[in-house]
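First chain A sits with chain B, and in the next complex the same chain sits with chain C.
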Partner chain A sequence: MGYVAAKGGLEAILAAEDLVRRSRLSGSSPLLGIDQLQERARLAVDRVMGEAGLWAPELAARAFRQAEGDVVEAAHLLRAFRTNLPRFAMTSVVAADEMVPLRRIVPAYRTPPGPQLLGRTSDYTGRLLDLSPEAPSSELEDEGRSSNATGAAATNGTGSTASGNPGGGEGGLTTHRRLYELLRDLDLVVDRRRDIAAGDDPEPYDITRLPVRPGVPRSARLAVMARAETGALVNLWYRNILGTDMHLHEVTLGEVRHGLLPLPVIHPHTGRPVVVGRIRATEAEAIEDLSGEGRDRSRFDVGYGVCVGHNERKAIAMANLDIAVELDAGKGSLEQTVLMTTDALDSSGFLEHLKLPHYVTFRSMVERKLAVREAAAQKVGDDHEAAPMDRAPDAVLAGEPA
Partner chain B sequence: MSTIKISTRLGPSATHSIFRTILKALANPGRVLELDTPPEFPPAALLPLVLSDFTCTVALVGEGAAEAEVWLAAATGAIMAPPAMADQVVVLDPTAASPLLIEDLRRGTSLAPEEGARLALAVSELESGPLRLRLSGPGVRNHMDLALAGPSAAAFSALRRVNAAFPMGIDTWLFAPDGRIAALSRSTQIIVEDI
Partner chain C sequence: MSLNALLEDTGSADNGYGSGIMDEHTKRDIRRALLSAVAVPGYQVPFGSREMPVARGWGSGGLQITLAIVGDADVVKVIDQGDDAGVNATNLRRLIVGSTGAAETTVTAEASIIQTRHRIPEEPLKSDQILVLQVPVPEPLRGVERDMRELRRMHAEDDYARLWVSLYEDKVRNGVITRTTGYPCMIGGRYVMATTPIPRWDCPKLHQAHHLSLFGAGREKRIYAVPPYTDVEPVTFDDVPFEVERSPGRCDRCGAVGWTESFLIEVPNSRTWVCSDTDYCARRRLKDRRVKA
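Up next, the complex of A and B:
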């Protein structure tokens, strides 16, 4: 019996897979090109890479297309692929200041060290669905050439900023001090620097090889959040600032950056670092007011967020949650929630598996209910005669007529 | 022995096919499968060639080990280590598989059984030969017999001993010169019969 059922199931599964594949490949419009997806669905492709934990724009675009636009499914495909890749080398540590910024804003301070580079953003744009006919791309290119001489400047859009900082537009190739450093000079932040000269420079925790549980070092927490589902982090952030968790009070953003980070590896023969490529990343620093009970009210504290690709919501939520976990200090469940419930593959995988047959588990649950009822009926039956069930449960479940 | 070019690496499809076959063999202990073996590699060395990278430690034992160490390290970046410390241990020469060597290999711990070593053992024949292993356990319906030649009966008795405390233990693959392989999972019960 069981064998027959399994066989029927297998046929249905193969037919379902075929239906997915054929529907995906057919249709009246041409198949989306990988290059199109990378260009036109840039943010979705970046999210897939970030949540998968692999910088591979072409493969992420391919996964996104295969998953018919389902970001979590695409991240799943890409992360599964990633687990089979051999590691060729480990990159050397890169200071975040080595990022070549495509965008850099300091919402907390009008004239920070270095420019406010608004870059490519719709932060100040009204959310209006544009129904006007779209201009051919050749016209747009001409427009870009006349307003901005270089490709980098074109990426930066207007170049200058809402605050009208005269430094705006000059950057893109130089590194600038952070607002955090300025606050540190003023002794206005909790100093979390490690004494690297004294050897306090631990290797980052590799969450792809080691299990993550509460109590892991901060590097593990940051790595988990960098790979977490954007929506999960945003929701947790919102719970903390406006909802029931309340670990955050007044958060201001010190830095939000999007740019290119170099990937240096040590050359096996020369022993010197060689930049083998660049990835785009988003960085955020969140300044927390420390106005809560029992806090050092004379100072701020700063949380940090960084993730692969352009995903400001994620980096900002991450920076906020980084400091929230620090402030919670293991008293509540926030650290556990961040570490163990924000991964897209974990949560979605668990949810999706509910759709697979649970016939045996559910049958055993039904039997437990009936056993409880029977036991209760027997107890009652000591005094009164228990009413017998008028229909056998098997017959009801099988849909037999009464 | 022929010299193997240090630059030799397997292409992605060859790596994929060997990886799948190695996995399938372990899922079906004792079942003999055919590997599409590139002639320039000693078959047992294919295990670290497809499974290791620079985060793995590998030990090579037996005739030709010194030479294989050079190209394997170049091709994969794997770190060479003594057998007792290695993630993957390759015995290139059937007679080098001594019980002492096998008992010395890492078995992992109950909490970290994945730290048990993977053993690639060269045999001179599979499906024929004077040694017969009667296998049972997960992945084997009832039981099956696997005949082979090369390693001593004592080597398999040692394997039986090191795999006595599941989930700790050693997963073993047997590689014949003609490219046929079979695996003995750490959960496989082995009865050794020397005919």
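Up next, the complex of A and C:
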């Protein structure tokens, strides 16, 4: 009964922790450096930051290493760490147009306004397992110095990049008109612009401080998806494509961008915005054909996705689901599904809690099973005036021979 | 801010718990929700549940409540399935005691705060004790309705018809009501509440109790309460008496009678039973020894 009833509960836990720690720290290869993880496991570290909802590459790499590569566990470590951090300041609103793109593609047009910038991607590369011998580290360093400047800069979230001058808080040379604007000029999209002059510019809903439930503003929905588990969003997207849920129809991607966003903070003395840092983010715009029933077939509508780090799958699924929830307008269950079932900490935590002792609840369930049988036997007895069960159900359960 | 500076702020590099795992703003948020919950017995108050250093589903709601109300003068007891030494109880206890000035105990009567999963101690609690229950699923109507907007309406309008129908159908199909733990109870004649998954055996302990019971569901971000001296009535029919689990045996260790005295769990294939409340069991044995000596 070691794990439940022994007074040695604490010793057992300490021993388990020790086993984890020793196995993690020992081994024949050197310990993974935080810098190595940031550089060489960039996408995993990005995913940890995205699902934790915190831009902190160094801490995310640390969490990833501590969690032995378990992304959800690492995200949990980072979120639990973040939850108590004091909030020194809020950034002022950043227009997504201020993003300095490291990558930008527009599938909807061959020659969109602005460039098709492939950037750092293996999308168009054959998925061939590279079996060539590992290059000695000195060679890699030389190669890195000559051609890999973009990647290194991107990892740090600072410095200049191969795609151009990151510019100041105003954006600089590298911002491009987005496809959405073009479609708006052509009067091809439903206009969802808010009337800011009329005061229609609410503060975003802070999901880290307020509980979320169906009916919350769109900002809450976007925030939930921005830190949702990537796999959960991808699955939800796919079941709406292939499954019976039918919330997604014909979707084309307008923009997919990965780049640097400035973080402007109002200076307490000058009152002017000062860029205190940059984060990498991925954003996507999904153009919905409005082919569903009762829709305006003469226009498109657009959903939006954005998340911390480089994670195109997530941003794209998010943009698709954003417009799907908007169009469903609370008629179906999609909004609740998106809001309540996509968080990695929620779903994984609850699933894993099944490993905890449940012997009290299970005893109660067994007791009811026996009660049902007893009631059935009673009924048979009453109906036929026969003798009730000749063996007490509890005796059977206890293994007493008949 | 450099990583080292951050680590200095939270204690040291190898100390994951730091000098506190909940800030004062959060405590205030949670206390406000607790006050609402006490003011409206059985009503599920939404609150801004924080991430805790335990997984959601592992007592994060109970932990937040305990941390929001615990003080240096408190004596904390933590049980899981009635057992102080259960692995999760042990983990939560060291988090609470390690991050606050509270003392720990396994003795029910000595504790000012008892955090529990799935059980209420056998020994009746006193008016100066607070019971904090970890709740996995706070919604008693989820078996009959999943849409959260509709659930809100049902609670708001006191519309529990479908719960009654489901209990009726259960009785007709199975001969008995087959609800097991977490039996739905009417609180103060107004709100139907999920009694966490405590066994039905424990439900009567909530009725007109001397102590305050606080329920925390961290993952679902809900807090609710049963204040002292509140009616807690299991939802059932006038002619179908509420049935608790009764065990046909005695505790192998202390001799407590499973039919009337103690919630027993069985040791499979051995025909033996033991108390799930380990402190209750130990105290009975201690008393036995004293009587004999």
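Please note the rule applied: the second predicted complex is superposed on the first by the 337 of 402 C-alpha atoms of A that agree within 3 Å, B and C clash if a C-alpha of one lies under 4 Å from a C-alpha of the other, contacts with A are read in each partner's own complex, and residues count from 1 in each chain.
Everything that follows uses one rule, which is that a residue touches a chain if its C-beta (ideal position, glycine included) is under 8 Å from a C-beta of that chain, and two chains touch if they have at least 3 such contacts.
All of these numbers come straight from a predicted model, not from anything done at the bench.
Participant: Using the overlay on chain A, decide if chain B and chain C clash or can fit next to each other.
Facilitator: Superposition result for chain B and chain C: clash.
Participant: Please indicate which partner A:G33 is in contact with in the superposed arrangement: first for chain B, second for chain C, both, or neither.
Facilitator: neither
Participant: In the overlay, answer first, second, both or neither for which of chain B and chain C A:A89 touches.
Facilitator: It touches chain B, and chain C stays clear.
Participant: A:G69 contacts which: chain B (first), chain C (second), both, neither?
Facilitator: neither
Participant: Answer with first, second, both or neither: which of chain B and chain C does A:D346 touch in the superposed model?
Facilitator: Only chain C; A:D346 stays clear of chain B.
Participant: Does chain B (first) or chain C (second) touch A:G330, or do both, or does neither?
Facilitator: second
Participant: In the combined picture, which part of chain B sits where chain C already is, 62-70, 80-88, 98-106 or 134-142?
Facilitator: That would be 134-142, the one stretch with clashes.
Participant: Both chain B and chain C contact which residues of chain A?
Facilitator: On chain A, the residues that contact chain B in one structure and chain C in the other are 84, 86, 209.
Participant: Can you list the chain A residues touching chain C in their complex?
Facilitator: On the chain A side, the touching residues are 3-10, 12-13, 58-59, 62, 76, 79-84, 86, 208-215, 330, 333, 336, 340, 345-346, 348-353, 356-361, 363-365, 367-368, 371-372, 375-376, 378-379, 392, 394-395, 397-400.
Participant: Within the complex, which stretch of chain C touches chain A?
Facilitator: Against chain A, the touching part of chain C is residues 3, 6, 10, 20-23, 26, 29, 46-53, 55-58, 60, 80-83, 85-91, 94, 117-119, 136, 146-149, 174-176, 178-181, 197, 199-201, 219, 221-222, 243, 245-249, 263-266, 268-271, 276, 278.
Participant: In their shared complex, at which residues does chain B touch chain A?
Facilitator: 19, 52-55, 76-77
Participant: Given the complex with chain B, which residues does chain A contribute to the contact?
Facilitator: Residue positions touching the partner: 84, 86-90, 209.
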